[in-house]
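Here is the structure we will look at.
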Amino acid sequence: MGKRRRKKRIVEKISEKAGLPPGTLIHIGEDKVEKARVEIYDFFDGYCKKRVPSNIDECFKTKENSKFIWINIDGVNDVESVAKIGKHFGINDLVLEDILNTEERPHFKEFNSYCFTLLKMVKYEHSVGEMSEEQLSLIFGNNFILTFQEGLEGDVFSKLRERIESKNDISLKNDADFFAYSLIDSCVDSYFLVLEQMGLKIEDLEEETLTDPSPKTLEEIHKLKRNLILLRKSLWPLREIFTSIERSNTPLIKQNTLYYFRDIYDHSLQLLDLVETLRDILASTLDVYMSSLSNKLNQVMKFLTVISTIFIPLTFIVGIYGMNFKYIPELEWKYGYFAVMALNLIIALLMIYYFKRKKIA
Amino acid sequence: MGKRRRKKRIVEKISEKAGLPPGTLIHIGEDKVEKARVEIYDFFDGYCKKRVPSNIDECFKTKENSKFIWINIDGVNDVESVAKIGKHFGINDLVLEDILNTEERPHFKEFNSYCFTLLKMVKYEHSVGEMSEEQLSLIFGNNFILTFQEGLEGDVFSKLRERIESKNDISLKNDADFFAYSLIDSCVDSYFLVLEQMGLKIEDLEEETLTDPSPKTLEEIHKLKRNLILLRKSLWPLREIFTSIERSNTPLIKQNTLYYFRDIYDHSLQLLDLVETLRDILASTLDVYMSSLSNKLNQVMKFLTVISTIFIPLTFIVGIYGMNFKYIPELEWKYGYFAVMALNLIIALLMIYYFKRKKIA
Amino acid sequence: MGKRRRKKRIVEKISEKAGLPPGTLIHIGEDKVEKARVEIYDFFDGYCKKRVPSNIDECFKTKENSKFIWINIDGVNDVESVAKIGKHFGINDLVLEDILNTEERPHFKEFNSYCFTLLKMVKYEHSVGEMSEEQLSLIFGNNFILTFQEGLEGDVFSKLRERIESKNDISLKNDADFFAYSLIDSCVDSYFLVLEQMGLKIEDLEEETLTDPSPKTLEEIHKLKRNLILLRKSLWPLREIFTSIERSNTPLIKQNTLYYFRDIYDHSLQLLDLVETLRDILASTLDVYMSSLSNKLNQVMKFLTVISTIFIPLTFIVGIYGMNFKYIPELEWKYGYFAVMALNLIIALLMIYYFKRKKIA
Amino acid sequence: MGKRRRKKRIVEKISEKAGLPPGTLIHIGEDKVEKARVEIYDFFDGYCKKRVPSNIDECFKTKENSKFIWINIDGVNDVESVAKIGKHFGINDLVLEDILNTEERPHFKEFNSYCFTLLKMVKYEHSVGEMSEEQLSLIFGNNFILTFQEGLEGDVFSKLRERIESKNDISLKNDADFFAYSLIDSCVDSYFLVLEQMGLKIEDLEEETLTDPSPKTLEEIHKLKRNLILLRKSLWPLREIFTSIERSNTPLIKQNTLYYFRDIYDHSLQLLDLVETLRDILASTLDVYMSSLSNKLNQVMKFLTVISTIFIPLTFIVGIYGMNFKYIPELEWKYGYFAVMALNLIIALLMIYYFKRKKIA
Amino acid sequence: MGKRRRKKRIVEKISEKAGLPPGTLIHIGEDKVEKARVEIYDFFDGYCKKRVPSNIDECFKTKENSKFIWINIDGVNDVESVAKIGKHFGINDLVLEDILNTEERPHFKEFNSYCFTLLKMVKYEHSVGEMSEEQLSLIFGNNFILTFQEGLEGDVFSKLRERIESKNDISLKNDADFFAYSLIDSCVDSYFLVLEQMGLKIEDLEEETLTDPSPKTLEEIHKLKRNLILLRKSLWPLREIFTSIERSNTPLIKQNTLYYFRDIYDHSLQLLDLVETLRDILASTLDVYMSSLSNKLNQVMKFLTVISTIFIPLTFIVGIYGMNFKYIPELEWKYGYFAVMALNLIIALLMIYYFKRKKIA
């Protein structure tokens, strides 16, 4: 079982890393206890087979006739296993350092015998309205693909696994570079799912703001805004990755696969458009919220003003005839009381007429 | 009959698509029931003829002497027909996938034997103040043009159809690439019409905000802002399309036609300018709205303040002489009552004078 | 006599144009009734002569020894005349279409035998605070210059006309390209005049906002902001025009004239700087306006609070001794009344002291 | 004696210039009365000598053995002198026109025998909080440097003059291009001094806003913002000047001097950073100001609310027992009065307790 | 002992510098009294040795077999020592001037025999919430590294020192350029630590704003915003430094080291992303703060309105029956008093019902 996902921080803990020599293999992130879970897929022509190795060394045994092998390591806090695998496949120490540091910025680097790309898998927990991220490091060479996950529960590959296991995926007809593309594609799709959820949330908030804005609405708007800001932060480097892939002329990526990568590049642009669009609409929603508050205050104040300005003069008038002066001529009149009441009525009606005309009430 | 248009969502449903293998032909979007409506125009030298095929295979029969054929398929949810047509004209699977997915980002791609461009046709329903979008996929080769629409009621080609049917259009004297340009031009014109409507709406809102701002005004401003944000999202990629067309050196587009495309490129810039201009003016209108609310609150509060501060002291004074103390000398005075009333009058007048001088009332 | 200028719309009517075949000569804009007014200047070495032709064909007769001819057509709604002139000078149909459509975006295009540039002449009516625009299309070849105006009253060439008529202008010593530059220069100068007027208006508004902000001020700020937004929209393409001219290597523009064009390019940058500067200062002015409103509200509320909180407790006290209980000991005291009055005075003074210390009043 | 500095306008008067033929030598700006003050420095190897010519022709007499001459003309309204000097040194008419027009945008132009750069010298009068600008035109050739100032009191060269007169400056060991650099450097330094003053002013305003915001503070914030906007407007072209100088490969600037110019380029970037930083902090200060106003209003309203809601019900209660009904049983009770007073006290205490708990008071 | 850190100013004092000849060695900054502290590390193959020289000349004695020497000079106000060291290593005067001026903008310059880079070391004092900066100038050649610090207490190299002293750092296996990289890396890490602290502070402020916003919160938000603006100002040039290093093809930096520098370049991008993200979230927090104030005001005003509008009419009613008219029929009724009290109750209940329905209370 994987670890529970935690709330996304604004700035991740980097202090542990600072002050270490470059190339030191040390895990940066939370919860360093568990052992990595490893699963292996051997890809043959048109089908693939899964196996779960009992120890790390089993990973290095390749099956006969297999086109390539996919090793998925779940739990980068198991530094020892990661180092062993890295050594076997001849991975540069600086790359391994990036894999272990789960606060790394997404990027792509090409080497002679392999390419390395670091991505984030995102999730949006609708119930709490919080986004969570998990780092995915992907290395692919001519006949191997390595993926390293942080070890949190679940990943974005479940549908891809189903498809390759049921022999229903074109990546089975292609090579390692194409399967690497399929994995990255699944990763990028996770952003679309998160944005779709956020889009729905914004539509709810727009509705709420126009009909019944409350301090709770404000809090939700702020939370969503924050999540969009954090999402954008991880989308910026995503686009750069696909630009780098297109520009690289590594022989490890075939022409046909490059065409597919161009497709993901378009998707990454679409994602950035979407985030900007959501941010703009959310900003507009906040403006509406602020205006709604002002509108409400105006209404309350108008009501107070109407009631006060009608009754305050009347209270003054009745106060006059409550005075105990010896000689107040009106008090002696027979219909004085009724006259005053009539006067009050007239004043009140005039006031109401005035308010109506001035559109205050 | 086509489908009814629906309200534009902020983020379209993408979840159905996520997790599918690339190149899978599946319709992404709403309402997958109907059969595609197909219409065919055979273009001859100087005139054209329309026919409605009874089945898909009829599309593939070309008329003798015809320069090129335009097949308009309305209803991309009819996956089978789309696939059949695609196969006949040798269209790449990834392209067909884009055609079927009605949430695709506008883009242009050139291939050896055809060019593919994906556009959005926009409409603004003035009555509800909502914008709606329909995807248009356009493929043109040397002697064929294919257009795929989502299948909603109406399209942007009615005036173009009228012109070619009445033999009154220069595209009749040109080849397939020029007619493709004419179709795209009609599509871009639909943006101008939407922006013109929005411009009128903004002028109404400006007027309303200055004279009689209400919560309804605020809602309208927000709705328009939202529509402008969504419109801009579909305009950004539009410009890129025309840049790509200019840069491509496909032999499928002739030099003369390129000149016309440069014209649309200018129009796409003009559209972006317009959207930015409308957004800026709308933002200014919202500022005015907020200030108007404050102005109104100020007026109401001034009114309350004037009435209150005049009558509260007076009420206190008449309260004094309502006290039941045994010995209050003024009460015994013959003209005490009149003196107090005169005092009240003087105080009230002084207050009013004070307010006038301080410009509060 | 020309037409009256009309208020500038945010988005001009484009719907008439949409749906027409490209290259159709039809006037887009308002008021299609009048006949074009034409004036002709024949340029000789060091002087020029003006004549007003009685019919269009007279335009095509050139004077002997003349270096070049300037034909100024005022009133593009006279489609027939424009078409005739266009045909005579061999102007492309798409160019003529642009000339007739008075809602075109400013741009520059070079052809083999002529260059075409479309500009806007701007005016700021100080009295109403509204900006108006008139389209100017300018075509120049080796020995002719054509200018097409919308036909509104007045243009920006009056000072240039004075100078050439009084033989006091260096363009008389130069060729057609230089005179084209002089015309464009006059056009760009019109922007400076508008911005100068707007700058003065902003200074007035700043003053008004700080001393006596009113809803009228707000309306003026909004109107000016709107005009600046529309001005900027027509300035963006202006800069592109001069970049295009510099990059073009048409033999129609001589090296010496290019140097002068570089000068206008600098001016167009200066204009953009100015618009941004004015916008920023206006934005700041609006902030001040909003804050001023808040300040005023604060003052009014403080005043109300001071008066209310002083008199409300006092009214309560005198209310107590207005009660009709049989046994209220204080009522029997000889100096009860005076004691209560003294108490009131003390409370009032304490309150005032409290307010002073808290800086509320 | 120079002219008094005047307040900086947002948009300078350009209308006088508009409508003049290009290359006309006419002074644009204010106060066209005085005669230009001229001072001349003859630079020899390691030292320099100053002289004040009695008439313009004296300027053209160069000293034997002198490396180069610096002629400083203070007062460009003296058109005749400027024209004379320009003619002697072979300066282009368009350049002279720029020199005379004191509203020109800063720029750099290279010619065969000289380079021309137009700059602004800035000053911040701390007492009035206003920035003032003076135009500096600098022309340098192989053996001469000309500087033209508007003729206002003082300039930015006083320290440089001191240094060269006391033989304590490396420019004495270098050529004309290096001394031109020294002059420009002094000019750029004047921006740093202005920004330093503005930085101090902002710190004062921040303090004031947090402790005791007043309408005066708002006015000061606006004034500073306006000055920063105007300063930025003159800084944008400054950067372009140094880019142009670096890119130019005029033989007039030696390699070694270019290195120093690169240094000023860095300074111009630093200046732009500073202006942006100051603007951001000032914007934040305005936000704080607005929030402070709201905070204050909240406090005042809370106070009013507390006082009102305590005394209004009490006043009602004592009003009840002021009624003159024949039969009000409580009035007959012996301790009725005391009971009511106790009731009032209890109600008041409950209210206060409620406010305390709700954190309203 | 080093100097105490001081609060970061918005604009540092530059006035002392202005007016000095370029290349003058004078210290710009504060506190010019102390003597520089110098420490020397001699690097051998695999280990290094530290020594503290008793005088400056000792610095120039290199150990046999040493690969390179690192001289760390703490206290650039000791102009004499800096000049001596500079002269010994052949450092350009303009570079020395930059070292002495502690207000310089970060930049990188390459020379024939050495590279020079100027950086800022940052610190965030959590207790006071203030950021402080210290300038670091780093010069490295083939066999020497010089670092110059301002002389404040502490630096960012303590962890690096520990590592090299305990022979636990890969820089011991590399040359001077790699150690220079290690020093710069430590410097960049200091930015991460500051941002981490600021991230935590923002999370606190977000919490505080949503639950209990006070004027203190506002002040903290402003202070943090200001620090972020200043931090961004020093981050912009940081990115340029690493771009310059990558582009330079100085032989002083080996290919392998360049790879590591590319890593820091990525970090500098990440830092800029982080600062923008923090700024965006802080801006959103301020919006929430403003809205919270409005919400609170609304609540207070609603409360006042409810209490006032209930009791004001009631007070009027009891006032009526406090009038002393001879003939008020109701006063004679036996149950008049009770009827009025019941009427009051009914009015109060109706009012409360009305408020509930209108959601005002």
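All chains are identified by letter, namely A, B, C, D and E, in their written order; residue positions are counted from 1 within each chain.
FYI, a contact is a pair of C-beta atoms (placed from the backbone, for glycine too) under 8 Å apart; a residue touches a chain by one contact, two chains touch by 3 or more.
These numbers were taken from a predicted model, which means no experiment stands behind them.
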**Study point:** Other chains in touch with both chain B and chain C
**Key:** none
Exercise for review: With over half of the numbers shared counting as same, classify the chain C/chain D interface as same or different.
Suggested key: different
Check your understanding: Which whole number of Å gives the spacing of the CA centres of chain C and chain E?
Key -> 43
Point to revise | Intercentroid distance (Cα basis), chain E paired with chain D, Å | key: 26
Review point. Listing for chain A: what residues touch at least two other chains?
Key: 290, 294, 297, 301, 304, 308, 312, 315, 319, 322-324, 328
**Study point:** Complete ring sequence of chains beginning with chain B, oriented so that chain C follows
**Key:** B, C, D, E, A
Check your understanding: What residues of chain D sit close enough to touch chain E in their complex?
Key -> 158-160, 163, 168-171, 182, 185-186, 189-190, 192-193, 195-196, 198-200, 202-203, 206, 210, 259-260, 263, 266-267, 269-270, 273-274, 276-278, 280-281, 284-285, 287-288, 290-292, 294-295, 297-298, 301-302, 304-305, 308-309, 312-313, 315-316, 319-320, 322-329, 360
Study note, to complete from the structure: So, in the complex, the side of chain A touching chain E is made of residues 9-15, 17-23, 94, 105, 107, 215, 218-219, 222, 225-226, 229-230, 233, 236-237, 286, 289-290, 293-294, 296-297, 300-301, 303-304, 307-308, 311-312, 314-315, 318-319, 321-324, 328, 330-337, 340-341
